[in-house]
Every structure is written in structure tokens, then in C-alpha cells.
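Letters A, B and C mark the chains as written, and numbering starts fresh at 1 in each.
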Amino acid sequence: MTTTAPSLAAQATIPTRSPLSIILSVLAIAFLAAFAIIQIAPFILTVANSFKCDAAVENRPMAFIPRLETISCRDAEGRFILPDQQVDGLFFSPSLDGYRGILVNQLPRWAFNTLFLSVVVTVLRVIFNSMAGYALARLRFPGKRVIFFVVLGVLMIPGVVLLIPRFLLLKELGLLNTYHGYIITLASDAFGILLMKQFFESIPGEIEEAAMVDGASRVVIFWRIVLPMATPALTALTIFSFQGNWNNFMDALIILGGNTELYNLPLGLTVLRGSGQDVQYDLVLAGSVVTTLPMALIFFFFQRYFVEGISYTGLKG
Amino acid sequence: MMNKKRLFVGALALALSMTGLSSAQDRVVLRVWTGSSSPVENEFKEKQIAAFEAANPNIDVDLLISPDYGTQIRAAFASGDYPEVFTVGQFDFPQWQADGLLAIGTDKIEDAEGIYEGLRAAFTADGELYCAPKDFSTLALLYNIDAFEAAGLALPDETWTWEDMAAAAEALTKDGMVGFSAAADKFRWMAFFYANGAQLFDDEGKVAFDSPEAIEALEFYQSFVANGHGKLPSDLNSGWNGEAFGKGAAAMTIEGNWAIGYLRDTYPQLNWGVTEIPLAPNGGRGTLTFTECWAVSSRAQGALADAAWKLVNFLTGPNDDGAKAVAEAGFGVMPARAEFGDLWLSTVGEEYSAFVKGAEYAVAPIFPLGFADFDAAVNEATTLVMTLEESAEDALREAADVARDINGE
Amino acid sequence: MANSAALDLSSADKPKRSWPKFLQGETLVGWSFLTPSVIILFVFLILPLLMAFYFSFTNWSGTRPLDQPDAYQFVGFDNYQRWIIDGRRTDDFYRAVRNTLYYVLGVVPVQTVIALVLAVIVNQRWLRYKGFFRTAFYFPSITSSIVVSFIFLFLFSAGGPINTLLQVLNPSYQPIAWTGNNDGLIHLLLGGLGITRDTAGEWAQARILGLRAWDWIAGPSVALSTIMALAVWTTTGTLMVIYLSALQGIPSSVYEAAEVDGATGWAQFRYITLPLLKPTTFFVITLGLIGTFQVFDQIYVLQNDTTARTTTSVAYLVYTTAFRGTSPNLAEASAIAVVLFVIIFIATLLQRRFVGGDQAEY
């Protein structure tokens, strides 16, 4: 697979198409489609299972074709129904109980918090990470090497031991249980800096050189020339940052954990679904769909900025 | 935002009362933290708190049900600024007590004698009772009625012995079912350990973990796996005993009363019963108990401390909204007060009486402070024995040697 | 020429040859670009790290309030002694090190190769519905880990699809419970050759760093291998996106020039794409190393009591030491974390030396 797939794919780009290359590209597409289904299937099952009752999630996870009528997870006497009353082979009767379970008064507030914090942090990260990444990739100044190793080193810290020290620091700084505490803490990250750094290193330097010859300053070059060229990397950064914050449990717990008004969806949904052997899987999955679906849409929206083969020549001069 | 405002008001109220300007209108704000359990139980706690606030108009309760209680409360402890009232699990108690986080409750907890002795023991240090147990669980023997009847066996009852259990497991192992699901968990086999009269330490305080009684108990637990009449839940495609038992992959298992709700909800068609853990060869009984208490912060002073104990007594006392409400709610856990055992049974069903009976002789399996390495060694020993890599005797001796080393023997 | 185009570009990459004249004045810009990030990283990550380092030389439980006068005492290297040197927990620590090493060595190469292949495929000009395929391949990164673990447990269960498939392929195959199996793959292989711990000879009994040599060479257990497969499945999407963004950075003119020269298909990939992606590959491997050395989530979700010995990673050990069991201890957890940090740092330096090749600047 390692070697054949790219060569199959690449052969198909030959301008004059032979019958063989057409067959090969059809095979390649079929292979891709099959692979795509494997990748998506668990999410389809997540959605399907989110409409099942707790018992059926654990016992009949593979049924994924909904019937038309919806049912309740409890019968007239308030007892839970049997998994087989809901599932028959690959078919199941959907229930909305899981979604009802997470539909509490505070849900809109939590959703707003999640969206607000994710957007603000992502915007700040895009700016701060690309500035730092550019400095580390292109500029020459004393202390750069040390900073690079510090940034790399930050990634190597096992986060678990930092939880309590961070809490103590944030408390000293008066940042606990505030939006700005969360935003400031996460406004830049080592991964994003390194991502931008390696991207800036991989693009040709001639364009910047030319601009310099024309007398443009470094700051102008960065904003006017380099950042627009970095669209693919900024897209990747946006996706990662948004996803990371959308699903952020631990930072949110440490910083916002004291006030349920400020909870994001991961915190709020965790309280709702229960813990240990008391976990309500229908609630888990309904929550998971609520949090995953926007991520999928955002990815689909942003991935269009991965446009193949940007032409740098047009930017010259 | 709410928190800060309330805190401020609380502090102001405190300041006013100290300067002698207090009036009957003064409000006290209690911060109360606990972890999230089942959705039903979370709702129950909220209702309890609401009832308390209604009964005590001058006390405001700021309840926080944490998504990750262990992490959150530890961070708060470290900072020195932690809630006035919070829950403490039995395994955390020795450390938290030693760290000076808990106020002594001996004179504050009302009608403490009504609480099972085994539960009080779990939260007692240096002769002082620190906090009030709110509810608890015990282990018992779960059996699949259909499997017993199909095999033509009489259903187990409280007269069962280890021998009876072993014989039944053999007879039940057929048609894709094994007799017994045996988790490699020290908090299962140690029920047999205590039943057989074994102890962690002997009367002189010396480590007795590898006594002949202890070895016999673990050998018995291992024997199911060794002779093929039992399997680990992971070998039955299950995450835990309850799942293996619910699926019908094992005809018997040892689990706690938390399994009632799980089996009812997840495997409603399962026809099962429960009885006490079988009698040891010496006729001894044993089971383990797991419990949690409501504690008051050692830093709460004056009016705040009074309000905090008032709340704790309200939540755990014999009143309508305390232990009695736990019994009437009828979810997994049992009320910590013996007088409501029958009420709990009438809510969940008389057939579960074995769990309540166990409370009379149950032991809370807590290792002393400083024995973390021993704890790890016992886990290791349990795994090695249950995967048949080591004999019970060798494994227990190795673990006991760790304890002796810590104990300075 | 395809080769020369690639060479030109990579040499243009090296700043010291490109613009020696513009060195002055960049100090101010450089530091002002870095300042916001450096402040944030310093205050919220490096300071806590230094605190954890400090606590690793104390006996602080992690719960005793720090404003108490007797919150902790200094114990020197006791915590390190106990876990790393020759104390009571060294076997737990080195077993976790072994598990982690097998995990890293198994996951990093596989996820890197698959991510590259996926990125190249979804970047092809001829491919239609690119958006769909890209999103599809990214899906494992955003799917609920709980559902994924359910499905994995089902797939690998004794009566599950994987065992059924293996039985069809090989009727003599005895189904095993994959996720509950502690047998090491190398041990199984040696066992197939008739070599066991008792017949392997003297060396197998030798104790090295808390474990017998025989246990060091066990290989990843069957249970750990299933967790590794799951990890690969969930992380390739993220790495694919990094590769994808890097592929955009390759000017189309390079390929056009190559096509004029008659380089197509495999030749283009081998001689243009791959060399130009070298910084990215290096980055992806570095990230992979750091990420897998810290593996925690997957273990947390899929481990059970029985497989703890062969699946516990060092990062998971840090977590259990800090927050689980009787007497959890933050000071000891910090000591383990510090050692893990050092291990990762050394591994990254080695990787830079041996995999990085002449990427001297990075």
C-alpha cells in the first residue's frame, strides 16, 4: 500500500489517458472509497447509537439502520425496555432519550462558552503562533536557538504533573474562573509555533529576498507576503486549535471548573453523563454527536483552503 | 461570577457578625463540592440541598458537582482555599485526614451510633470520627437463576460454603458459560481473605498478609481460573464482572449493589439472584464495603462551621431528607444507617437483602497511610496469581515482604 | 531537471546563505514577534514545570495545603531513588518504560507512512470529491474515543470479526481475547521457535534495570498491540493534515518542470515530493515521538486490570501515582515525570541526529 497507492495515483495524472490508466484510476477510487467508509463507519455508528437506549448501546452496538417510528427507553411502568425490543438485526427504533438527557437549561450557555472560547483562542493562536514561528524560522537574532529548544521542550512535559502547579499559579494571578484566564493561558502553544516554523522553513525564500531588495521591512513582508502564502498552514493550525479547544477538558477543568456558568461542553456533558459504572452511554453518545458534528463541518469548510499547487511566481515583485 | 459575589457577601456577613452588627438576617454561604455519579443521583443531591436551603433560609449553599472531582478538589486543597463541605471516599480518607484537611466530627455528628460500625471505622483516626458516612455498598454473590435451574442445582443460600461454590462452578461450566467470573482485583478476593480470618497485621502490629489463612483464600479464588471453572472478565469479552455476568458468560460472580441498577437497565431479561458470600471452611463470614462520607473543612470556623455541620447532619442524619431519603430513592447505594436497611429493601426489592446483611460484618479494605508501595504490590500479586503466572503463596509472600520493609520489620 | 529543481529550493531555504546583509535589525523584530508566545509559555508551562521539578525533591502529597507550615519536607533524591534507581518501585517504572518504548517504535513509523500516503492521495489533481475524502480520512481524529473503544473491543473480542476472519483463513487457529492478552509478540515468536524463558539460557535471567532481560525483549503484548493499532487509526488524520498543508507549499512550477523533463508518477514522488517534504517528515516524526512517549488517553480508555502490566505507559504511571490508589503522591509523580521528560529529550536529540540528517538549522 505504501508504494503502490501514490504511484497509481500519480500515473493517473499522465495527460494522455490509456485504457490501463483509466482502469487503474477506477481501482484507486474504489480503494479510496472503501478506505473512507472504514474511517467514517465509527462515526456513523456513534450517531446511530446516540439514538439507542443505554442497554442497546452496550449490547447491540452494530445496528445502524433506523426504523421510522421512535420509541421511549422506558415502558409504561417505568422499566427499561430490553435491547431486543429496540434492535432487530441491523435495524433499530430510534429513541430521543439521550438527547433529552443532555438538553438541560445550561446547555445553550455551555455551547456559547465553547464556541466563544474556541474562536477567541484560535484567532490569538493564529496570530501569535505564526509570529513566533516566523521569527524562529527566518529571522536571525541572539537567543533564538535557546528559545527553539524551550518551545520544543514545552511539548515534552507530561501534562498531568502540571495540573496542580498551574492551578496554584492561576490562583495567584487571579485568573481562576474567568474567561480571560482561559484565553490568556491558551493564547499560544508550542505545537502551533513549531507547526508554523516548519512550514515557513519549507517555502522558498526568494520572494522575501526580492521584497527586501525593494526596501520592504520585515514586518511588512510578514503581513503582506508571508502570511498570505501560509494559507495552508494557517488552515491546519485553525483546524487543530479549534478542535483542541472545542474538546478541551483538562484546561477548562483547572481554569473554569469552579463555576458551572463558565463550563464548556466537555465539562458540562461529563457531569451530565455520570461516572464509573453509572455512565449513561446514550448521554455520552448524544453529547459526542453534539460536539463532533460541528467539528466535522468546520473541517469540511476549512479544508477547501488546501488548494493544490499555489503559484509563488505571481507574488513576486 | 456567582461564586465571587456570593463569597463576597459571605465574607461581608462574617465581618459584620464579628463587629457585632449581625442580625437575624445574616446569611452564610457554604461551598459544597462532590463528584458526579449517575444522573439520578446527581439530581438527588440537588434536591437534598434545595430541601436544606428551604429549611434554613439564612444559609445559602453553593453546590458544585464536579466533572472530575479528584483533580479539582486536590487542586483546591493544595491552594488552601477549599469548600466548607465535601465528600471523602474511604481510600482518600487516611491521606486527607493526615493532611489536616478535615474537621473532627466526634461531637458534631448527631446520632453517630445509628451508623454501621464498619462504616464509622473507615472514617475514624486516633479514636476520632471525622465525617459522616452518607451511603455504602457491600459485595455479595450474584448467581444466574436460569443457569442453576438448567444444571439441576439448588439455588445458593446463606448456608453455602466454599466447597458448595466450587462444586457448583464445575457443574455450571458448559455450553459457552463458565461457573464464575473472577476479576483480577484485590477488592474481590479479599472478601474471602477476611472471611477466612486473615488480617493485614497481627495483634502485635506485624505484617500478616501471607498467613496460611490468606494463602488459602487466594488459592480458593484462583482455583476457579486454574481448573477452568471460572475466567477473568477480560477473557469473557467483558470490561468487568457485571458485564460478563449480565451477558450470561458466567453463572456466578462477586459484585456490589451498584450492579443492581446496571443489570436491571442493561440486561433486563437476566434472571438473577443474590446471596451472601459463602462461608469459609472455618465458618467465618466476610465481605468488603465501600463508602463515602460528607466532611467539613478544618478551616471552617464559627458560624460557617456550625452551618457546615448542620448541613452534614441534614444530609446524613435519620431525618426525612437524609439517610431516609437515600433509602427511599433506591438507587445503587444503601443508606449508612441500619434502621433504614429495610426501607431500602422495600424500595429496591427484598431479594437483595444479602447486600444489607453484609453490612454487619463487612470490612472497609483500607491500607494504612504510607503503604502505597504495598498497595501496588498487592495489585501485582493479584494479577500474577489470576493469570496463573505465580502461586498464591509466592505472590503473597512477595507483597508481604514489601509491607514488612515499609513497616520496618 | 527534477533533481536540480529540488536542490535549488532546499538551498534557498538556508538563511545564512540567502541574506547575510539583513542581519542587523532583526533582533528587535525577532524578539517582539516572540514575546507574546514566550510570556505565555513561560508563565503557564515552564513555571509550573519548574514547580513540579522542585516538588520532585520533596515529600509533598499534593493535597496538604501549601500555606501550612509543615506542608512538605525536602527528601533529596528519595523519590528518584525509589522509582528509578533501586527502590521498591523500579520494576513498575522500567516495565512502563519498556511498554512505552515498544509503543513508540511501533506507532511512529506506521502512522507517519500512512499519513504521508493519505495526504499525497487526497492532494492529487485528478481526484474528485477531494473535500469528501479529506474529511473522511480526518474523521477518526474527531470521533468519540469511547465509541471507538467499544468498537475496538467488539472487533477484537474472542467471537468477534477479527477472530472469525482468522479462523476462516486458518482453521487451526484458536481464538484469543486480544484485548486481555499479556503475551509479548517477540515471546510468542520465540515460543514458536521453541525458545522459552527456561530454555533461553543464562542471559535471559540477568536483571537489567529492574527487569529480567527476558522481560525486556518481550515485545509489545497482544493487548498493547491492539491499543497501538487504535492509536495509529486515530492519529493519522491529524498528521495527514500537516502533510497536506506542506504539499501546498510545493510550487506547481516544480512539477511542471519535471513533467517537461519526462519525470512522472513514482519518479516525481520519489525525487521531488519526498525530498521537499523532508522538513515536514522530520516535524511529524518529532511530534510523533513526543506524543507517543506521553501516551495516556488510549491506555486510559482500553486498559483493564489484567493487562495493566503490559500496557501501562510511563505517562499513565505518572497519572496513577499522582491521583489514584492509597496515598497518591504528587512529589513521586513529579519525579517520574521529570525522568520521562529527560527520556523524551534524549530521544528527540537522537532523532535529530540520526533521522534529521543535514537539517542542521531545525
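Heads up, the rule we're going with is that a contact is a pair of C-beta atoms (placed from the backbone, for glycine too) under 8 Å apart; a residue touches a chain by one contact, two chains touch by 3 or more.
Bear in mind that the values here come from a model prediction, so they are computed numbers and not experimental data.
Set against the Cα centre of chain A, the chain with the most distant centre is B. By number of C-beta pairs in contact, A-C leads over the other of A-C and A-B. Taking each chain's centre as the mean of its C-alpha atoms, chain B lies 37 Å from chain C. Distance between chain A and chain C, defined via averaged C-alpha coordinates, is recorded as 19 Å.
Measuring from the averaged C-alpha position of chain A to that of chain B gives a distance of 38 Å. Those residues of chain A in touch with two or more other chains are numbered 58, 164, 168. Within chain C, contacts with two or more other chains are made by residues 62, 66, 323. In chain B, the positions touching at least two other chains are 71, 74, 78-79.
Taken in their complex, chain B has these residues touching chain A: 1-4, 35-39, 41-42, 64-68, 71-72, 74-75, 78-79, 81, 240, 242-243, 247, 258-259, 261-262, 264-269, 332. Across the complex, chain B meets chain C through its residues 70-71, 74, 77-80, 82, 91, 94-96, 98-101, 183-185, 232-237, 239, 366-367, 369-373, 375-377, 379-380, 382-383, 386-387, 402, 405. On the chain C side of its complex with chain A, the touching residues are 9, 12-13, 15-16, 18-19, 22-23, 25-27, 29-31, 33-34, 36-38, 40-41, 43-49, 51-52, 55, 62, 66, 113, 117, 120-121, 123-127, 130-144, 146-148, 150-151, 154, 237-238, 241-242, 244-253, 255, 264-266, 268-269, 276-277, 279-280, 282-283, 286-287, 290, 293-294, 296, 314-315, 318-319, 322-323, 330, 333-334, 337, 340-341, 344-345, 348, 361-362.
Within the complex formed with chain B, the residues of chain C that make contact are 61-68, 82, 88-89, 92, 153, 157-160, 177, 179-180, 182, 304-309, 323, 325-329.
Every residue of chain A that touches chain C in the complex is listed here, in rising order: 1-3, 5-7, 9-14, 25, 28-29, 32, 35-37, 39-40, 42-43, 45-46, 49, 57-58, 61-62, 128-129, 131-132, 134-136, 138-144, 147, 150-162, 164-166, 168-170, 173, 184-185, 187-191, 193-195, 197-199, 201-206, 209, 212, 218-219, 222, 231-233, 235-236, 239-240, 243, 281, 284-285, 288, 292, 295-296, 299-300, 303-304, 306-313.
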